[in-house]
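The first chain written gets the first letter, and so on, giving A, B, C and D; residue counts start at 1 in each chain.
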Amino acid sequence: MTALAAAPLTASELEKIRADFPILSRTVRDGRPLVYLDSGATSQRPRQVLDAERAFVEQHNAAVHRGAHQLAEEADEAYESARARIAAFVGVQPGEVVFTKNATEGINLVSYALSNSSVGKELLERFALAAGDEVVVTEMEHHANLVPWQELCRRTGATLRWYRVTDAGRLDLDSLQLSDRTRVVAFTHQSNVMGTIPPVAELVRRAHEVGALTVLDACQSVPHRPVDFAALDIDFAVFSGHKMLGPSGVGVLYGRRELLEVLPPFITGGSMIELVKMEGSTYAPPPQRFEAGVPMTSQAVGLGAAVDYLSAVGMERVAAHEDALTERALAGLSEIPGVRILGPTDIHDRGGAVSFSIGDVHAHDAGQVLDDLGIAVRASHHCAWPLHRRFGLAATVRASFALYNTPAEVEALLAGVQEVRRFFRVPA
Amino acid sequence: MTALAAAPLTASELEKIRADFPILSRTVRDGRPLVYLDSGATSQRPRQVLDAERAFVEQHNAAVHRGAHQLAEEADEAYESARARIAAFVGVQPGEVVFTKNATEGINLVSYALSNSSVGKELLERFALAAGDEVVVTEMEHHANLVPWQELCRRTGATLRWYRVTDAGRLDLDSLQLSDRTRVVAFTHQSNVMGTIPPVAELVRRAHEVGALTVLDACQSVPHRPVDFAALDIDFAVFSGHKMLGPSGVGVLYGRRELLEVLPPFITGGSMIELVKMEGSTYAPPPQRFEAGVPMTSQAVGLGAAVDYLSAVGMERVAAHEDALTERALAGLSEIPGVRILGPTDIHDRGGAVSFSIGDVHAHDAGQVLDDLGIAVRASHHCAWPLHRRFGLAATVRASFALYNTPAEVEALLAGVQEVRRFFRVPA
Amino acid sequence: MKLEQLYQEIILDHYRNPHRQGLREPFDAESYQINPTCGDEVTLRVALDGDRVADVSYDAIGCSISQAATSVLTDLVVGRTLDESRSTMNAYMEMVQSRGQVEPDEDVLQDAVAFAGVSRYPARVKCALLGWMAFKDAVGRAAEQGNGAHQAEAR
Amino acid sequence: MKLEQLYQEIILDHYRNPHRQGLREPFDAESYQINPTCGDEVTLRVALDGDRVADVSYDAIGCSISQAATSVLTDLVVGRTLDESRSTMNAYMEMVQSRGQVEPDEDVLQDAVAFAGVSRYPARVKCALLGWMAFKDAVGRAAEQGNGAHQAEAR
């Protein structure tokens, strides 16, 4: 990411933010203060989000889009207002925002809608896939943006292809040529392992040149910097509430209006129908068509509050703050003998997920030492197993940042890594 | 439902229970006390559920099944403990309980897993459907247990057939003969419109006789009476958290262990895999195989607390209490000129959803008058449009009860119906 | 009690004695609309005489609000030009979707001002719009056909 | 600091100098196991001599706990009868899954008592079990083959 005009958070702003997150003041493992560096997996939630959800449940809870009594009116209002604010947060229209249970469901929604277009009497030419067609992903995808496409290919006979990753952890744009048979290009907006931000504009340009649909996995970008899907000219995008200070159990699928309007449904049932007869049914316009059953109501309200919280801080400032933390972490880790960082080691086109190995200490062992010091990191392949295999590793340690992390926590991480080296006698 | 040994709740027990539900003390429309008779759409939630969820988020929040740090351990523990308690609540093993976003997703999971068995190189004979095969439902299903089966038939070429409903609102078991080609029989455990409880044992016997899978929509039974899926000998069953005092955004799919073990996945992504390569993936054992992505963690914890709450009251007593309310409502409504009740008018094999029309007053208009009196009912086809069509109606008014409703609220409903008659001049 | 503000006498009158009910021939375009939450439906036909709405006929199942709204609609548009009808329609739609914020212009909306109260009940707004959506759709279709005919002539 | 309770010297010793590492021939059955959360894997072979475990050989990628556990496993089962090995295995599994509730029997588990601390770290229990699951699976396969052979003979 190129340097942003905004200033990082000041110490007192940071202190005020941290006070909003109850969990940050707890201790772990024999009374050590919690150093939470696992926001890439799930973020923590401020009081404001918890309060919004609770106020909704205690005052306005009803099934949305179903009732006509006062509570139902109020619940509808709260739910749709959340949708509108979340849509604005990522630069799109409310009708283009579909609530899902998580980002994973959003990607599955698109992949199943495509295969639903490919079977039965009424093929939807625009979306139907068949043998010979290609679906393109990248080698740095999270399993959530890989396995659903493998399964789509299995269902339709299409072929999966992928952009490779360079030794430096960048996408190798020369590793693959799209073709007229390329129907979908799905890629991450920011690697959850290496932080790499790929050249979205170029990827979109190439995809649209051959008439392919573009699907952006924005799980790791939307929580951390300003994102505008309309400006990115992307067709579909997904992100998760729980990674951006919101509740678990809610995610978002963005779909360009004209695509959502013609896309067939995925999950079917109540509230997504137009007309139901035993013999067959027709479906409601978007976004309802994609929200079958009673939705994650209070969770959408909570995510609305999360977006308000982030907007109040300002996403430019969130990004500037996290970039500063990431830069220090990268510099500090680079100086420690035996540490190998996966992917870009400077802040250019890169976000705040830093994965690394320490000598030949297994990630689980390293993570355990850090945990013992109160430092919560992830030790795993981070649901990007093919990427780890590409670098010849089974697992790495990942530190990932959010707006509530402090420079002192980065120092604690660096000291912890030294302790790992000492404990497991990693040679200098 | 035949008379239960348990006693209905006493007035003081009821008062204590009501005090646990913050929303029940609010007023609506110019200060009228809320009379909430729409629990069939969604129930309200006690403090205990809200507190459990909040305590989890404020103290133990982490991504489950992914981390090794202390918070992650605690989150796993809370999530799996909830699963175990919920499983016990419906008489099954923890490994047979899959968390979904709602009941609708659960039914879609089964229907998509079946069609996923029907395409690609490795057909799963046990589950694969093809033209000539039959899927059987009933005319009284909620759209959630109808439309997914219509779509399964569309995808596979199978034929949808259905048991009809008698004028009295019972299933007509003679209206359909199963055949060797019947692969699935899906039916409700309790009509969300008429309260009808169908003869589950007989339906299961007939289905298993021809080797068909059985799918039970238990959305309206599990919140209201003791239910034991193992004893019912059902293959799959679903229910929703939000209808049983739990949070929105969480539902349950029960699957008989030996079936879940061989069923292919539905939604794919992280945490449901065994091995992932770019070329293809293999999948984890159940229930993980069916829980892709970061799940509705705090919501599962909340549902665990809801189950604890219901168990503490005792489901026999909940049933006895609701039966008493339903009996009074049926008797009272039967006496009002112009009122027509859909389905069974006595409490035999019947739960607490009471749908009716008032002269030729449209349900929306009737519901509006009731709403004006503070009485929240549902005015709609209640997502059972074919059933309404069968009775020649577009929509009805539905009152539905939960453990926190009082006899006085039933009287308020009856008085409200009289007010509807007066306002719209329904002839006696 | 707010109920009387919603169900004004004019509405109940139109509901009990709807104007221009029934489907009639000839017509230029027809539209079928449903409200999926309550199962209400309307089939509505528009007959044009040049630029003027010659007749609106309809068959509908629905609540008092939707029935009355369709009845009032026919009073407001039959005999008017398409342009006049459209501006009435826009004024009406603006009013019922305004959540009580828009003061209706009685000169334009006449009997339809009675529906101002509906705007305070978001769940009922769809009822008040059902017939109007059908009218809008039918007029649009008629215009398309007209254009089609026009283009065909031009060739 | 609890860390030393988890990483006892015995464990670190086995990790640094694993016993019986490598895949050897001949063998009666092989098992491949993975831990999907961290990508650890083990391929483990069992060679039987009648009712006795003649050799256990393996190739593994994994953390210190999983590596050491597999190494200790070989010490505990090689040279023992299948029955003895199974009861050791059961005692071991009970201990590591006990959340610190089961006091291990040092006579039975010998060096493996060092893994008692793992039971307090639920996320690491899988690590301590990976090699043992492979052993269990391989022994089961060997038994099946034995039965198969037996049945084949019986025909």
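Methods note: a residue touches a chain if its C-beta (ideal position, glycine included) is under 8 Å from a C-beta of that chain, and two chains touch if they have at least 3 such contacts.
Since this is a predicted model, take the numbers as computed values, not measurements.
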Check: Any chains in contact with both chain B and chain C?
Finding: A
Notebook entry, point to check: Where centres are the averaged C-alpha coordinates, which chain has the largest centre distance to chain B?
Noted result: D
Checklist line | Inter-centroid spacing, chain D versus chain B (mean Cα positions, whole Å) | finding: 45
Check: Once you find the CA centre of chain A and the CA centre of chain B, what distance in Å lies between them?
Finding: 31
Next item on the list: Would you mind pulling out the distance in Å between where the CA atoms of chain A average out and where those of chain D do?
Entry: 38
Check: What whole-number Å value describes the gap between the mean CA coordinates of chain C and chain D?
Finding: 77
Notebook entry, point to check: What parts of chain C, by residue number, touch at least two of the other chains?
Noted result: 37, 121, 124
Next item on the list: Would you pick out the residues of chain A that each touch at least 2 other chains?
Entry: 29, 66-68, 72, 273, 275, 364, 368, 379-380, 385
Check: Which residues of chain A touch chain D in their complex?
Finding: 29-30, 362-365, 368-369, 372, 379-381, 385, 388, 394-395, 423-424
Checklist line | chain C - residues contacting chain B, complex | finding: 1-3, 6-7, 37-41, 61-65, 121, 124, 127
Notebook entry, point to check: Where on chain B does chain D make contact in their complex?
Noted result: 65-68, 72-73, 76-77, 273-275, 284
Notebook entry, point to check: chain B touches which residues of chain D in the complex?
Noted result: 34, 36-37, 121-124
Check: How about chain B: which of its residues touch chain A in the complex?
Finding: 22-23, 26, 28-29, 34, 36, 38, 41-42, 44-45, 50, 54, 57-63, 66-72, 101-105, 107-108, 112, 116, 119-121, 139, 142-148, 150-151, 154-155, 160, 162, 240, 242, 247-251, 265-271, 273, 275-278, 280-281, 292-299, 364, 367-368, 370-371, 375-380, 383, 385-386, 389
